[in-house]
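So that you can tell them apart, the chains are marked A, B, C and D in the order they are listed, and the count of residues begins at 1 in each.
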Amino acid sequence: MAALSVRDLSVRAQGLELVRDVSFEVHSGERVALIGESGSGKSLTAMAIVGLLGRGLSASGEARLGDEDLLGVSERRRCQLRGDRIALIFQDPMTALDPTMRIGRQVGEALRQHRGLSRRQAAEAAVKLLARVEIPDPARYAHSYPHQLSGGLRQRVMMAIAISCDPDVILADEPTTALDVTVQRRVLELLDRLVREEGSALLLITHDLAVVSEMCDRVVTMYGGRVVESGSVESMLTAPQHPYTDALLAASSAVSIDGASGEPLPAIAGSVPAAGQFPPGCPYRDRCPRASQQCTTMPPLEAVGDRTVACWHPVGREEPAAGITTEGTLK
Amino acid sequence: MSGPPAVLEVRSVAKTYDPKRRAGHEPSWALRGVNLSVNEGDTLAIVGESGSGKSTLARIVTALERPTEGSVLYRGETVSGRRERDLRDFRRRVQIVFQDPMSSLDPRMKVHDILAEPLRSLGLVDNEREQVRTLLASVELPDSAAARYPHEFSGGQRQRIAIARALGPSPELLVADEPVSALDVSVRAQILNLLSGLVADLGFTLLFVSHDMAVVRHLCRSVMVLYQGEVVEQGPTDAVFKDPRAEYTRSLLDAAPRIRHRRERGDASS
Amino acid sequence: MVRFAAHRLGILVLSLVGASVLVFGALTLLPGSPAQVILGTQATPQSVHHLTVQLGLDKPLWQQYFDWLHGMVTGALGTSYVSQLPIGTQIWQALQVTGPLVLLGLVIGLVIAIPLGLFGALLQGRATGAVLGAIGQVGLAVPTFVGGTLLIIVFAVEFHVLPASGFPEWSHPGSALKSLLLPAISLGVVEGGIISRYLRTSVLDLLQSDYLRTARMKGLSMGQALRRHGLRNAMLPLVTVGGLELAGLIVGAIVVENVFTLPGIGTLLLTSVNNRDLLVAQDIVMFVSGTVLVLNLLVDLSYRLLDPRLAGRS
Amino acid sequence: MSAQAEPAGASGPAAAVAGTAGSAGPEVVGGPAVGTRRRVRSFSLVAGGLIVALIIVTALVALIWTPYPALAVDPAGRLAGSSGAHLLGTDQYGRDVLSRLMSGARITLYTGFISVLVATAVGIPAGLVAALYGGVVGQAVLRLTDILYGFPALLAAIALSAALGASTTTAMIAIGVAYIPVFVRVTRANALGVLASEYVMAARAYGRRPWAIVRRHVLPNIATTIVVQMCLLFSLAILAEAALDYLGLGTRPPAPSWGSMLQQAQGYLHSDPALSLWPGLAVFVVVLGFSLLGDGLAELFDVRARR
């Protein structure tokens, strides 16, 4: 059974559908990547799953954690599940910790909440957790305040908080984007090890396909608030079918430390529109070199083997129909 | 030194922001003992992580900050430590593009004024409207952009405007401080293409500051690696990437994530 | 921290000296000699001169200034020209009214501000939140003397439940408190309006904060998260304005005492100004500004102690 | 820079009052919330704007016409209640309350104007200097500001009125002076933000000199904050002036200022409470109007800046 199963998840804000009918599953021990550029709705999806959407936003659909629907249960129950069986690591470690509370207490807080540990027990557990996330001198850092820690250390603290109650599912929203490359590498390795040890399901939200390639088993591509493609990491990164995944991959792999220099890069024309400015039908059609008249209606998400793709003209399955524009124009 | 004279030369530059610099007290250096020489038409990358001093160096070579020690020479003439009024000619020849396209454009100015300001300031106005139109065209933006405010544009478009502003005085040296690190992957490619196209067409010298080894590899012919304010490696890009001498350069290259799955088909369709 | 405290202390001393020069200068340059005022218009030039010498007002200005400063520092405030009463005693008695009034006003202000600001922010975007915000806005705009007058009309004139003016001795604590109640309310309403705006802003910031989201992520309910992570953070900005607000309260008290004819510092100040009782006015203005400046210093220091980000720095 | 008492609330009381909900988080999350807020926003703006417009019009009309001369005494018609002839009744000298209120509007606007003028004329340039020059000059400005800061405005006004004699102008100058530090700090803090921005960096790179940058980039970008601040000071100054008049230290009777009207009405609290009510209400409405306007403007500008 899937550890986390999302069905037809939508997020609305005052008439705008920011996330629409998103469905995917994450199994225990599996690492699923949710990819897409900013504005694709991937962070909103994560916040909707844990029920922490901002004011004015509402979610519908289903997000099953085991046999409970996180969107259906009471807020009280959701609080019991959050931090205990599902945890989220945020993008910016600089602001995610309470500046006026010592690290140790912040790390032990979830244990006190869900396991009923005493203050002493929680403090001891916090030191152990800090050691597990490879923070040097954990006893000392437990007494520090967040501003005394570097970004990398703070992100480790966030991870310690996330794993404190051995969650079934860990969501990580761009956990290393704010960090330097060398720090990023070590934090990713730590995340990899923790997820393996815990046997948790991981949903990694990222825009970095290289990270996906190194860490994940499956990939879900989002664009314009919709899932446009999903499949195993091998098939998605070797033979992307949706033109958007294809273009993202092209843009990412052309700029590489192993790559040749000087060649023009494959770029995607235009830019991600603002929320509510996506064209009707396929949200990508304005920027898509394969778009045709047909794309004014939204293509269904069709499953072929382990792949699903929502495109009338998927890459590699058929030649593009005649009469389509070859290049999107800059607006 | 033989061969063509360097466009830009940095001689043992050091910089500290520590106000308590006095005898016996060793300040914390943002930069230390940096030497650098850029030749005409070169594309040089300055690479480093946060705290490496790379942005400080970018500001020192554009005379926006003064080095605590050492000097900066432009075409053989010292510019560091000069008074602002003696820098007019230098200002025309050297321009800079910044990282954040959200804060590098004055939100209260229309694009026309943003692009015309450098021309007005340096006394280069000839036919302002026409000049602005040419600048917009050079970064592939339509004429209609001139009448709009920065917030009406996407991040990539704003970075184009910032580049156009820097191109206004027809600089000989363009310093680009992390110009693509705030952009999405797909837009990043657009801007990189634009930059390399401009370098090819206009022939200016490019000093490209970045933390991203992959981008540097793509864009620049030579590279300099900074670590905690000191130069740890310097050389042609291919050589540095193939055979990094410094331990730190190697760790940078090793740390960069790679796409491990190779495509079946050759190129992307677009 | 020690460096910061020393630095702030330096500023305080400079401010006090600056204030004393201003206060002394302003009131000494007052048109009309005090002796003339005390003796009235019929006094002979000789008797005016005599009194001037007696009061020490013939000395050079700088000497008068240092005499006065010496008195302020040592507490030997001297005697009023007009009432012939020792000034120290007068101020001390007036303080027994003004001090409790300010404190009571502060308490009432907080009682009003905390629910207004907190729920105004929490319910933001809903009708209740907007109403709470509007109440704060209205409270802010009620001048103390208008609010006081209104309270007198309602509670003293119409319903006769509370006294409109006057103050008994503290030997009758019950009735003393009763007569401070209306003035304190009119002070507290304004203060409450102002503080509620600050609180609302800082709670709104808090609600947007990433660390509150982290707390919720751990499974804390909104209430728990606000209690454990919110209060201290939301209170910090309040502390920074605390000094200014106390100053506002003290100055507000001067006006309110006049409305309710309470024998406090404000009344004493106004009486002395109107009677051209130079020395008393000087001393009171100096005393009040000194108090305000010292309070500001204490607030700054406590802010440093409360915020771990600042505590370690100099 | 050495440690300076400048935590979050450095910009003074009015600044924090003006500070609105702050950032609305990530763009998508902020989007919809703006909708609801903008309605509240436009309410503050419209209500404040209307009140302020009303008072300005009243003051202008009072220049050329009031129902009765504001100072015209009518011993026969003392303390008359409201009637067709005297809409708001007459005071203890038989003067028409409405006419006095209308004339009082002029004094009120005048006092606010003088205070704001004094505070801004000194405070803004000083703030710009402090922001531009970190050296001795800037430090000197900051130290002076620190010394003045926190000195209670009304107390300053009382002292000055006592010294120079009760007059509207001296009181207003005192209040204006007391608020100089607020403007220095607000101007400096905002100017520093602009000066640190990359567009100013770019302007320096194409040779713009400091004061040209101030004119072209700093002033346009801090103008909105300053205007909001001015509105708030306007309301505070009106409050302070009314209080001074009430204490008999500001505008002298028989000039029809609202504060002194209120004070004179105090004696008739028991017999004619309405006499206190009108001037009190007038002060309240005007103060509310300016602070609503300030709030509305703050929120309006905030929207634009955020997009």
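The rule is simple: a residue touches a chain if its C-beta (ideal position, glycine included) is under 8 Å from a C-beta of that chain, and two chains touch if they have at least 3 such contacts.
Quantities reported herein were computed from a predicted structural model and do not represent experimental measurements.
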Report the chain whose mean Cα position is at the greatest distance from that of subunit D. A
Chain occupying the middle, per Cα centroid: D
How many angstrom lie between the CA centroids of subunit A and subunit C, rounded to a whole number? 54
Counting only Cα atoms for the centres, state how far subunit C is from subunit D in Å. 20
Between subunit B and subunit C, what distance separates the C-alpha centroids? Give it in angstrom. 55
Would you mind pulling out the distance in Å between where the CA atoms of subunit A average out and where those of subunit B do? 32
Give me the residue numbers in subunit A that touch at least two other chains, ranges are fine. 55-56
Per-residue overlap in subunit C, given as positions that touch at least 2 other chains: 124-125, 236, 307
In their complex, what parts of subunit C are in touch with subunit A? 124-125, 207, 209-211, 213-221, 224, 228-229, 232-233, 236, 306-309
Of subunit D, residues touching subunit C in the complex: 2-3, 5, 7-10, 12-13, 16-17, 19-25, 33, 36-37, 40, 143, 146-155, 158-165, 235, 239, 242-243, 246-249, 259, 262, 266, 269-270, 273, 276-277, 280-281, 283-284, 287-288, 291-292, 295
Report the residues of subunit C in contact with subunit D in the complex, numbered from low to high. 3-4, 7-8, 11, 14-15, 18-19, 22-23, 26-27, 29-31, 124-125, 130, 133, 137-138, 140-146, 149-150, 152-153, 157, 164, 194, 197-198, 201, 204-205, 208, 236-237, 240-241, 243-245, 247-248, 250-251, 254-255, 258-259, 269-270, 273-274, 281, 285, 288-289, 292-293, 296, 300, 303, 307, 310, 313-314
Subunit A residues within the subunit B interface of the complex: 37-38, 180-185, 188, 207-211, 213-214, 233-234, 237-239, 243, 246-259, 261-262, 264-269, 271-272, 289-290, 315-316, 330
Per the touch rule above, subunit B residues touching subunit A in the complex are 49-50, 140-141, 154-157, 184-190, 192-193, 196-197, 211-215, 217-221, 237, 241, 251-265, 267-270
